[in-house]
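The block underneath contains the structure these notes are about, expressed in C-alpha cells.
A, B and C label the chains in the order they appear, each numbered from 1.
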Amino acid sequence: MRTRFLLGRVLDLALVLLGVSFIVFSMIRLVPGDAVQIMLGANTEITPERVAELRARVGLDQPLLVQYWDWLSGAARLDFGTSIWTGRPVSAEIAAAMWPTLELTLLATLVGAGLSIPIGAFMARARGSGAEVAVRVGAIAGLTIPSFWLGILSILVVTSAFPGLSVLGYVPFTEDPLGNLQRMVLPVIALSLPMLANLSRLVRSAMLDAMGQDYVRTARAKGASARRVTYVHALRNALIPYVTSVGVAVGYMLGGAIVVEQVFAIPGLGRLVLGAISERNYPLVQATILVMTASFVFVNFAVDLLYAVLDPRVRR
Amino acid sequence: MIRTTLLASTACLIGAAAAAQTLDVALDVPPAGLDPHLVTAFNSVLIASPAIYEGLTSIDNDLNVQPGLATDWTISEDGLTYTFTIVEGATFHDGSALTAEDVAASLRRVQSEDIASPLASRIDLVTGIEAVDDTTVELTLSAPFAPLLASLAGIAIVPAEFETDPEALQQTPVGTGPFRFEEWQPNGYISLTAFDGYRVEGQPALDEVRFHFVPESATAQAGLLSGDYDLLPTIDPATALMLEGQPDLNIQTTRDLAYTLIGMNASVPPFDQPEVRRAVNLLLNRQEIIDAALFGAGVPAGPLSPALTSWALDVSEFDCYTTDVDAATALLEEAGVETPVQVRMIVLPRQDARDIAQVAQQQLAAGGFELTLENQEIGTFVQDWRNGNFDMFVSANGGNVDPDLYFYRTFFGGGSTNVFQYADDELDAMLDEARSLTGTEARKEIYDEIQRKLACEGPVAHIAYADLSAAVAEGVSGYTISPIGRIADIATIDVAE
Amino acid sequence: MSAAVATLRRSPLLAVACGIVVFQVAVALLAPWLGFQDPFAQVVANRLKGPNATNLLGTDQLGRDVLARIVWGYRTSLFTCTISVGIALVIGGTIGILSAYLGGWWDRITMRLMDVVFAFPILLLAIGVIAVLGPNAWSAAIAIAVVYTPIFARLLRGPALVICESEYVAGARAVGAGGARIVLSHILPNLVSIVLVQTSLLLSAAILVEASLSFLGLGAQPPTPSLGLMLSEGRNFLRLAPWPGIFAGLAILFLSFGFNLLGDALRDTLDPRLRAAS
C-alpha cells in the first residue's frame, strides 16, 4: 500500500516536471526576439547569412521538437548546456546564484516560521481583546505591504540613521560571517514579513479550531493548565496545515525572491533568471526555472510525505 | 577603501590583499560578456576599456585623438595609407609580447564574417592590413576616411591567437591594459587586479578594481554613502541632485556625448514629408522636456553634441527650435495633413525616455498628433526599431567623436542604422564629400550645412544632451569624468583611506 | 438583508473591512464625477511639489496631481485584479468542481496540469506570460488569471469532493438528478462561503502582484496612471521629493489591506467551527 502511494506520487512528480519543462521551453520561444537578435542589439550591419550562422552556432536553427528533445535528454543527465552569452556551463551559473537565495530562504523561514507560533498562539488566546485586534491588523498589514516599497524605504531609513553600516549586496558567509549576516537583516525582514503574517494567522485559526474540539475541552476540564492545553494539544493539531504552508512558502522563496534580490543587490536566482529572460538566454532560462520549480515541487513532495506520516488517512 | 576581514588567519593567507587598495565601482547592469569586439553595451565597454584593453589610438577627455598602443603614425598624401608604429615593451596579460601581428590579427578579427563584430563598419574602408615588421602596421583604405584614427580608438587589440575564437574572450578577457581580469561573480561583481607587467612604470596605482552590479539606484546611493562603493561613474540627473551636498563625496559633471532623440519613420505618411518633420520640431518644447524628464540637467540638442567643440553648431542657428504651434499648424495644413493624426510611438525602456515620451505626447497633441505610447521591453524595442516598425520612437544614442561616424551610417540612404529609411540625394553627396576630405576646415563647412538640414527636416528630432555626472567618494584621487562615460584615468586613480 | 446587518453588528472588524473596501471601490468607480483634477494634465513648471492646497498629495515628476493619479491608479488596479481573479475563479472553479464530481482520469490529468502551473513561481510565470503578450494592463490581467487558476481549482476541489461523497448528494443521485442539477443546486451553494473568503484574499494578493508587475514595468503603461508604476518612478527621486513614492506605496497597502481584512473577517464569521470556539 505504502509503496504504491509513493510510486504514484513519484510519477506525478515526474509528470509535473515534464509539463513545466515543456511550458518553459515553449514560452521563452514565444517571446519576440531571440538570443541572436538581442545579442546583435543595434548592430544592423550583419547580413542575413551571418545571422543564420550565429543562430546555427547556438543551435537555434534546429526544428523546435529536436531542440526540445536535445535539451530534455541533456537535462535528464543534469547537463543543462552552456549559457548562450558567456559560454559558461549553465549549471555553474546556477550553482553560484543558488547560495544567496538558499541562505535568504533559510533565514527568512527561520524568522517567519519561528515567530509565527508565539504570535499566532497569542492571538488565539487573546481572542476578541483589543490587543488581539491590534496584532491581527498588524499581521494583515505585514502581509499586504509591498515588499519592494518596504525594501527601498528601509534602505533609506537605515542608511540615514547609520551611515557607515553596510547593509547592501552580498558577501559569502565563509568570507565574512558578520558582514554576511549584517547584509541579510533587511532582506530577511522584507521577505519573512508576509510569511510571518500568514503563518501566525494560520496558527491562530488552527488553535481556535482545536480549542473548540472536545478533547481539548476535556483536557481543560480535567485541570490541565490553559497554557499547556493551547500549546501541546492545539499545536499538535495545527501541525499539518502549518507544515504545508511552510512548505509552500519555502518553495516559493526558493523560486527567487525576485524583487527583494533586485532591491538589495543580492546575486541570487531571481536576478539570474530576470537577466536571462531579457537576454533570451534560452538554456539559462530553461534550466533556472526548471530548478526553481523542481525545488518547489520537491519541497512539497517532502511535505506530502510528512503529511502521510502525520496523518495516516491520507494514504488511502 | 580597505577591506578588513574578521578572521586574522584569513587575513594572513591573503596577505597583501588585506591591505590592498581597491576601487569599488557600482554599475547598474552586468555585462553580457567582455569580448571587446562583440559586446558594445555601455557597461561592458566601461569595464573593458581602458582597464583591460587598449586600442591603437585613444580619446582623451577633451575628445582629441591621442596615441595608444601606437606611439605615432604617418598618413600618405592621398590619405589611403596609414602606417603605425607600435609601442615597445607592451605585454598581454598572458605574458606574451605585443607585436604588429597581434594588431593586424585584431583588425582582421573585427572584419571577419565568422566573428560578426558590430564594430566592423568602423573600419569597413580598410582593405589592406599588413604587419610590415614586429613594430609596424600598415593599413590601406579604399577611399580617404578622415575619422579612421578616432575609429581605431574603439577597437581593442587582443592576442593573435584569438583571431578565430568567438568565445574565449567573453569570459576571460586578455588585453594589454593596466588591469587583468581576476574573477566574475555573475550579478555580483567583476574583479580586475593590477597587471604587474604593465609597460608604464608605477602604474596602475590601485591593486584592484571591483565593479559591483547594483540594479536599484537608491541602493547604489546608499552604498556610496555607507562607504561600500567609492565611485558611481554614471548617475542620472535625479541621483546627482540627491547626492549633491552629501558629506564625503564629490559630484563631477560634464556634457554627455550621448543624446536622447525622437525618431520619425520617413517612409510612412505623414512623416515622409519634410514639412511635417519641421512641424514636429516646431511643436516640441525642448527646454520643457529637459526640465521634466532630466530634472533640468541638460541642454537642447542639435545634431552634434556641444562637447564636439570643433564641429557643433549652436542650437540658436536652427529656426525650428523656437516652439511655435501656429507655424506648425500652418505647415501641416499646407502639407495637406488631416488631423488628428494617429501615431504609434515606441519607447526605449529607460525612465528618461518614458518621461520624454509623455511630455512629447502632450506637446505634439497641440498640433493634432495623437500619440499612442508603447513602452516596450528592450528586446522587442530593438527588433521594432531595427525593422522600421514604428511611426515615431524615443531613444538614446551613444555619441561619436567624429561627425561622420554618426551621420554616415544614420542618414546616408541605405546606411546601416538608417532605420527611418531616410533618403536624400543631396545629403548623400555632402556626406560622401565630407568623409573624403582630410582638412578640418573644409569638412566643417560641409558639416555645418548638414547640421542645418538635419536639425529641422531630418528624420530625427534631437532632444537633449544631458549632464553626465559621476559621484566620487572623498578618498578617490586622480579621477576625472569623461564625456564618453569611461573611466579614462583608471591607471592613475588612487584611493586613500 | 437584516441578517447581513446583524452579522456586521456582531463583528465590528467585518464592518470596518466592508467600510474600507466599499469606500475605495466607490471612489475608484465614481472618480470622474468627484471633481478630481485631470490625472493626465502636465504642468511642468509645477513639478515635484509637496502637498498643498491645490494638489493635496503633491505633484509627480511631470507636474501631474498625485491624488488624481492615485485614484485613477485604483481604477487600473481594481480593473486588472477583478478581471483576473474573476477569470481564475470561473475557470479554476469549474476545473476543481468537475474534477471532484467526475473523478478518475479527468481528475488526475487536469489536477496534474494545475500542479504544473502551480509549481511556477508566481511572479516568474506572470513575467513569462507578459513577455509573450507584450506589457500592458490586459496582459497583466491574463497573467494573474493564469497564476490563480490552479489556486482556485485546488481550493475548490477538496471541499467539493467532500460534498460529492456526502449522503445528500448520493441521495440526489439515487433519485435520478442530472449531473448539472447536482452541481448547481447541491455542490455550488455549499462552496459559497469558501469562495467569498478566498476571492477576497486573492484579490488582496492580486493587487500586490499587479503592483509588483507594474513596478517592474510590465503592467499598465505610461501615461496610464498605475500605483506600481508611480512607485517605480517615484523611487528614483525619493530623497528629493518623497511624496509620489510614499503615497503610492501607502495606496497599494491600503487597497490590498482592505480586501485582506475583509477576507480574514469573513472567514471568522462564516466558519462555524471558529464561531463555536468563542
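Here is the rule we use: a residue touches a chain if its C-beta (ideal position, glycine included) is under 8 Å from a C-beta of that chain, and two chains touch if they have at least 3 such contacts.
All values derive from a computational prediction rather than experimental measurement.
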| item | value |
| --- | --- |
| Of all other chains, the one whose Cα centre sits farthest from chain A | B |
| Chain at the geometric heart of the assembly (C-alpha centres) | A |
| Distance between chain centroids, defined by C-alpha means - chain B, chain C (Å) | 45 |
| Whole-Å gap separating chain A and chain B, where each centre is the average of the chain's CA atoms | 39 |
| Gap in Å, rounded to a whole number, between the CA centres of chain C and chain A | 22 |
| Of all residues in chain C, the ones touching two or more other chains | 131, 134, 235, 238-239 |
| Chain A residues counted as touching two or more neighbouring chains | 31-32, 152, 156 |
| Chain B, residues touching no fewer than two other chains | 216, 218, 377, 380 |
| Chain B-facing residues of chain A, complex | 31-33, 37-46, 50, 53-54, 57, 85-88, 93, 96-97, 152, 155-156, 158-159, 163-170, 175-179, 262-265, 267-268, 271-272, 275, 278-280 |
| Complex contact set, residues of chain A against chain C | 12, 15-16, 19-20, 23-24, 27-28, 30-32, 127-128, 133, 136-137, 140-141, 143-146, 148-149, 152-153, 156, 201, 205, 208-209, 211-212, 252, 255-256, 258-259, 273-274, 277, 289, 292-293, 296-297 |
| Touching residues on chain B, where the partner in the complex is chain C | 216-218, 221, 236, 238-239, 241-242, 288, 291-293, 295, 349, 351, 354-355, 357-359, 361-362, 373-377, 380 |
| Complex contacts: residues of chain C adjacent to chain B | 40, 42, 44-45, 47, 61-63, 131, 134-135, 217, 221-223, 233, 235-240 |
| Residues of chain C touching chain A in the complex | 13, 112-113, 115-117, 119-124, 127-129, 131-132, 134, 204, 207-208, 211-212, 215-216, 228, 231, 235, 238-239, 245-246, 249, 252-253, 256-257, 260-261, 264, 267, 271, 273-274, 276-278 |
